[in-house]
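Two complexes come next, and they have one chain in common, chain A, joined by chain B in the first and chain C in the second.
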Partner chain A sequence: MRTSPETPATIALIGNPNAGKTTLFNTLTGANQKVGNYSGVTVELKSGETFTPHGKKLRVLDLPGCYSLRAPSPDEKVAVDALQGNLPGHPKPDLVVCVVDASNLERHLHLVLQVIDLGIPTVLALNMVDMAEKSGLRLDPAKLSEELGVPVVPMQASAGRGIIELKQALRFPFPTPPQAKWAAGTNEGDAARREFILDLCELAARRADAHQLTFSDRLDHWLLHPILGWVVFLAAMFTVFWAIFSFAQIPMGWIETAQGGVAGWVESLIPEGDLRSLLVDGVLGGVGGVMVFLPQILLLFFFIGLLESSGYMARAAYLMDGVMSKAGLSGKAFLPLFSSYACAIPGVMATRTIDSAKERLVTIFVAPWMSCSARLPVYFLIVPLLLHENEGSWKQALILFAIYALGTLSAFGVARVLRRKLGPDAGNHHFLLELPPYRAPQWKYIFRHVLERGGSFVAKAGTIILGLSILLWALGTYPKTDSKDDAEALAHSAMGRIGAVIEPLVKPLGFDGRVGTAILTSFAAREVFNSSMAVIFRVEAAENDKQTRASLRGRLAAAKWPDGAPLFTPLSMISLLVFYIYALQCLPTTAVVAREAGSWKWALGQFAFMCGFAYVSSLLVFQGGKILGF
Partner chain B sequence: MDWQTLIASGIVVLTLTIFLVRLTRRPRGRHGCGHDCGCGKKSIE
Partner chain C sequence: MSPALAADLEIDSAMTLNQVGVGCDVRIRFLSGPGCDRLRDLGFCEQLQVRKLAGGRNLICSVCGTRMAISRELAEQVLVAPMG
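Let's look at the complex of A and B:
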């Protein structure tokens, strides 16, 4: 509760997953939190500020979605603790706004009644009334308000409708909470609530034709079909990968041309020397080698946003439930694992929606094997080299698909073994998934989110990768030798010496010391591999970056072992790809896993296991391939 | 040592110093995941 007149009152937004809490939170506070037409997008508490119509400041908390106040999963526990004022740094809310999906009142009202019984002033935000009315429901907000004893505000948060009315309902003094009708936390209370809700829906949410199929129902008939559903799912996934490979070529060309222009300008401005080499080979070669992948990464995030926002992601989770169960996981693990294709960090955090602690730990453990976007630059460099062709073809898309499939299937295999090892759960956990109605994507949020992710990538390229590129250039340049031969100069440099030290370790995988050094540098972030290779193999920025990358591929194709044998054979390239599929080269992920699993042992065990697995797999591929005569 | 080598070495030393300072300084209390993973999580206050 408020401690002083200056402290703003706190209002909490609570509701079932996918009721539109985050959309309402963004509209109220002007924030830009991620929203999706999928449950479990909000995995922890967020806060912002809004003002009443009379200018009084209010603190708004967006709680993770939960079905009940007696729920076992970690994100639901956060919601319960926040309501009871048990979260450090967060006072007990002065008012609760229960956000409900008007077309699913029967299910959503159960939580509302539990909140009302807590005795906190409550306002009911009857969200998505447009969808409910379209589906044939006749809503009676006045009747609902009368029966529940709390103000009810019909609204459509995504279009900003009903926001003014909701703010009116948040005026001081807050509405007095009605008397608790049932004892909290008892089975008798739950049964009585269910009966009350059925009666209430008969009165206040009547369906003109209860058996009429909605548009979503009709679409689901095909999209959830045991055969056709899978065809659509696989086609959708393949389209995403194909688009990332082909559509992105156009903006990639623009970036490359701009980069080549800058390199040419620097060369015309500064005579030959260390500074010019640092700027052209170190900075432009290093940062440019990573920046060029920005369009592909933006496309990946765009497609994830599109699938979430349209409602298809939930269907994909439903379809995947059967597959997941073979790995000892449930459909609830689909979103965390799918998110990990973009970045393992949000994926690991999204595991909070999983009820079973053991299933959650297993999902966290295998999430980094879902190939994240940071691996893409490495794949884009190596795959065309493997096929001896330029970037952008269906064959490359197919190999990319196979790389993702290998990571995913390996993750499922390990999950299955680990799940068995951890044993069964103490209690029963059921897979409960919201299948939201199909909606037109919320373009504003998708594009804002894509820009935010793009901004993060550019910031990373402009800081960590820039710094590492400069240091790598220095390692490859100093100490200097009088020799004019590039190879001799590199061998004399610090980089050449480090490479020589680690070469015995990576040689059995088919790599020399130079590739080993590039792999070593990419333990900070995987995409650094490309810039390291550009610096190590002395690739100067060309007219445009496509030429630069082609020239790097040319250098790699021409690179030889001291005995004259080619360094990059199909076998060594596959070995390199396999290493990048499995190695956990992302320190932020390890830190987040330690936090989410509550144990550094678990995080370090995961790091050691994945790196060891990557090494052994690469070794088996290369040595096994050699034995078989490849 | 010519002027280009001098400036390039200065940039390298400055970069190394920034990295070392960032690695050794005491971590601040972080809200959110604290990294630029783009997970969209913002500071609570």
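Let's look at the complex of A and C:
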């Protein structure tokens, strides 16, 4: 055991999913981990620091939830490896804190006994004692401690109760690894542990009445009802989408006004020239066009946090199991795919809760086709142009819905084909899900999580997108000509030349070199398309972003091919939308898929497939439409 | 009668969790099948009391105060007997 101040001792938190490990971890370390009332929220190893009552530093590891140390799913394997010290960069823990839900000792003690069998010093954190006692359970922590041979700390981590007592139990020297009493009996292994647990629970956790209908039971009677359950589910999903598409317009207006104000201020400060053009067209136009989506992203993460934290997400997975099975997936794929509507990256990471390796790979593969929020700017630009309208009519909402439906249905179709092709699983994986009791949402953690996601989005806008905006501006500005005509200057610039080179490639899809260049720039991140188009078509940032989009649409409607034919016909716009529904234009997603699937081959295959599919679909739409006479 | 035969007879007379009516309380007698270990990890152990709360494509059961949704295939591997 290391006790010197330089190398702090490591303690690991382990427990069944949904036992409150992450809440305890956050309380101990003051860190900001995402907490959800849905098993499998901790999909990666988190580490932080805490101090004993005597001021000694401790390193705390938060392991993903697991039911046993046999490890059939990837996140459980991480936990097992960490306990045995097999994870690179993480030493074998000096002490393990087993977090158990006091109302479910019969089930949660299984893992505790397996951990004790490993011979590591162990402390038992008896979490959520308030809920257990409310449900009529009579707990005897002293008896538990005596029988198991480990310190037992009753606590309520969410309210901060019992933290001091737990820290007292973590002081040096650590307790010695206990003797496993169950090994002395006639049975061996699992059977011995089961028998021991049954006897122990008779002694130390007596239930008043085994089956009382709880509040959650009564609520589930309605929420999982074959008809009413679906009404509630659809209403909940509709509310989420309504808030994202409609309610978010209010804060988006504020951001746009602020952006226009800054642009006006810069223009009044700096004389006309390259620097002003760089700041107003390049930086403000590019970054501002993306920042405006911050409210929508924050709202989506807020709702996902709310659904997870309250316990409804598990019910949604249960309801959706039948629908998902049509695509060869299980209800567990619902959360990853639903999250992908916000952003494919957290969606791909959430697939770790899926036991079946093949189902997980298929879910990862199709997740980017759930239209993510980064595609919205493109849709918002093109859809009103298609209808010759201003933004915000019910027809546009209908087209948006069709766009989402097309992406989702295609994803299900591909999942079905791919799932068949990969064949059945080696192991036996069936749908199996814990339905946690409903709890009041933990607002503090939801808001912290939302802020964290928002922060990382702003950081992306401040780095990748800022860099690309400046690069694009430079490519569209230099080398310069003496011509006063903007279009001529653009054709002369580096961007105009790149556009001319790729034009033959995108012309069959109905786009010219300028649109081709904008598409090319959006391969780093989709939302760059709008700022590229604004830069390419020389639209100056207006009072607010809606007006910028409106004036950009004006320019696009007037844009012509060299022969005078309009560039944006309804057919070429539909072709453009189809391309954006299918193309995988997001470097971070490809990087995350490579890590999660464990192979670059899978990630690059996905990239090639989706881009190829996008190209061919666009080609079919445009050429097919032309043949049909549109 | 040999103990093995007695055990066989008991398995034959037991019901699976699928056959139990909704709202019934039963006690788990045996687990048999490839999903056994997983079921035991989740709390579906021999001797424990289970209440079936909903049937259908996936069953909802209450075990030790926790509600679990399990597939019909898994429920087929849980052999139960009436309480008593």
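Assume the second predicted complex is superposed on the first by the 584 of 630 C-alpha atoms of A that agree within 3 Å, B and C clash if a C-alpha of one lies under 4 Å from a C-alpha of the other, contacts with A are read in each partner's own complex, and residues count from 1 in each chain.
Rule of thumb we're sticking to: a contact is a pair of C-beta atoms (placed from the backbone, for glycine too) under 8 Å apart; a residue touches a chain by one contact, two chains touch by 3 or more.
Quick caveat: nothing in here was measured; it's all calculated off a predicted structure.
Peer 1: Quick one: classify A:592 as touching chain B (first), chain C (second), both or neither.
Peer 2: A:592 sits against chain B, while chain C stays out of touch.
Peer 1: Looking at A:479 after the superposition, I want to know if it touches chain B, chain C, both of them or none. Which is it: first, second, both, neither?
Peer 2: It touches nothing on chain B or chain C.
Peer 1: Does chain B (first) or chain C (second) touch A:562, or do both, or does neither?
Peer 2: A:562: touches no partner chain.
Peer 1: Quick one: is A:220 in contact with chain B, with chain C, with both, or with neither? Answer first, second, both or neither.
Peer 2: second
Peer 1: Looking at A:423, would you say it contacts chain B, chain C, both, or neither? Reply first, second, both or neither.
Peer 2: Neither chain B nor chain C is touched by A:423.
Peer 1: Scan A:349 for contacts with chain B and chain C and give back first, second, both or neither.
Peer 2: first
Peer 1: Answer with first, second, both or neither: which of chain B and chain C does A:173 touch in the superposed model?
Peer 2: In the superposition, A:173 touches no partner, neither chain B nor chain C.
Peer 1: Taking the superposition as given, does A:449 touch the first partner, chain B, the second, chain C, both, or neither?
Peer 2: In the superposed model, A:449 contacts chain B only, not chain C.
Peer 1: So chain A touches chain B in one structure and chain C in the other; where do those two contact lists coincide?
Peer 2: No residue of chain A touches both chain B and chain C.
Peer 1: For a test of understanding, state which residues of chain A touch chain B in their complex under the given definition.
Peer 2: 31-34, 44-47, 89, 270-271, 273-278, 301, 342-343, 345-346, 349, 449, 452-453, 456-457, 459-460, 467, 470-471, 473-474, 588, 591-592
Peer 1: Going by the contact rule at the top, pick out the chain A residues touching chain C in the complex.
Peer 2: Its residues touching chain C are 67-68, 70, 72, 103-107, 110-111, 135, 137, 190, 194, 197-198, 207, 210-211, 216-217, 220, 224, 226, 314, 318, 321-322, 325, 331, 427-428, 430-435, 437.
Peer 1: Across the complex, what residues on chain C touch chain A?
Peer 2: 25, 34-35, 37-38, 40-43, 45-49, 51, 53-54, 56-58, 60, 62-71, 73-74
Peer 1: In the complex of these two chains, what residues of chain B are touching chain A?
Peer 2: 2-5, 7-9, 11-12, 15-16, 18-19, 33-42, 44-45
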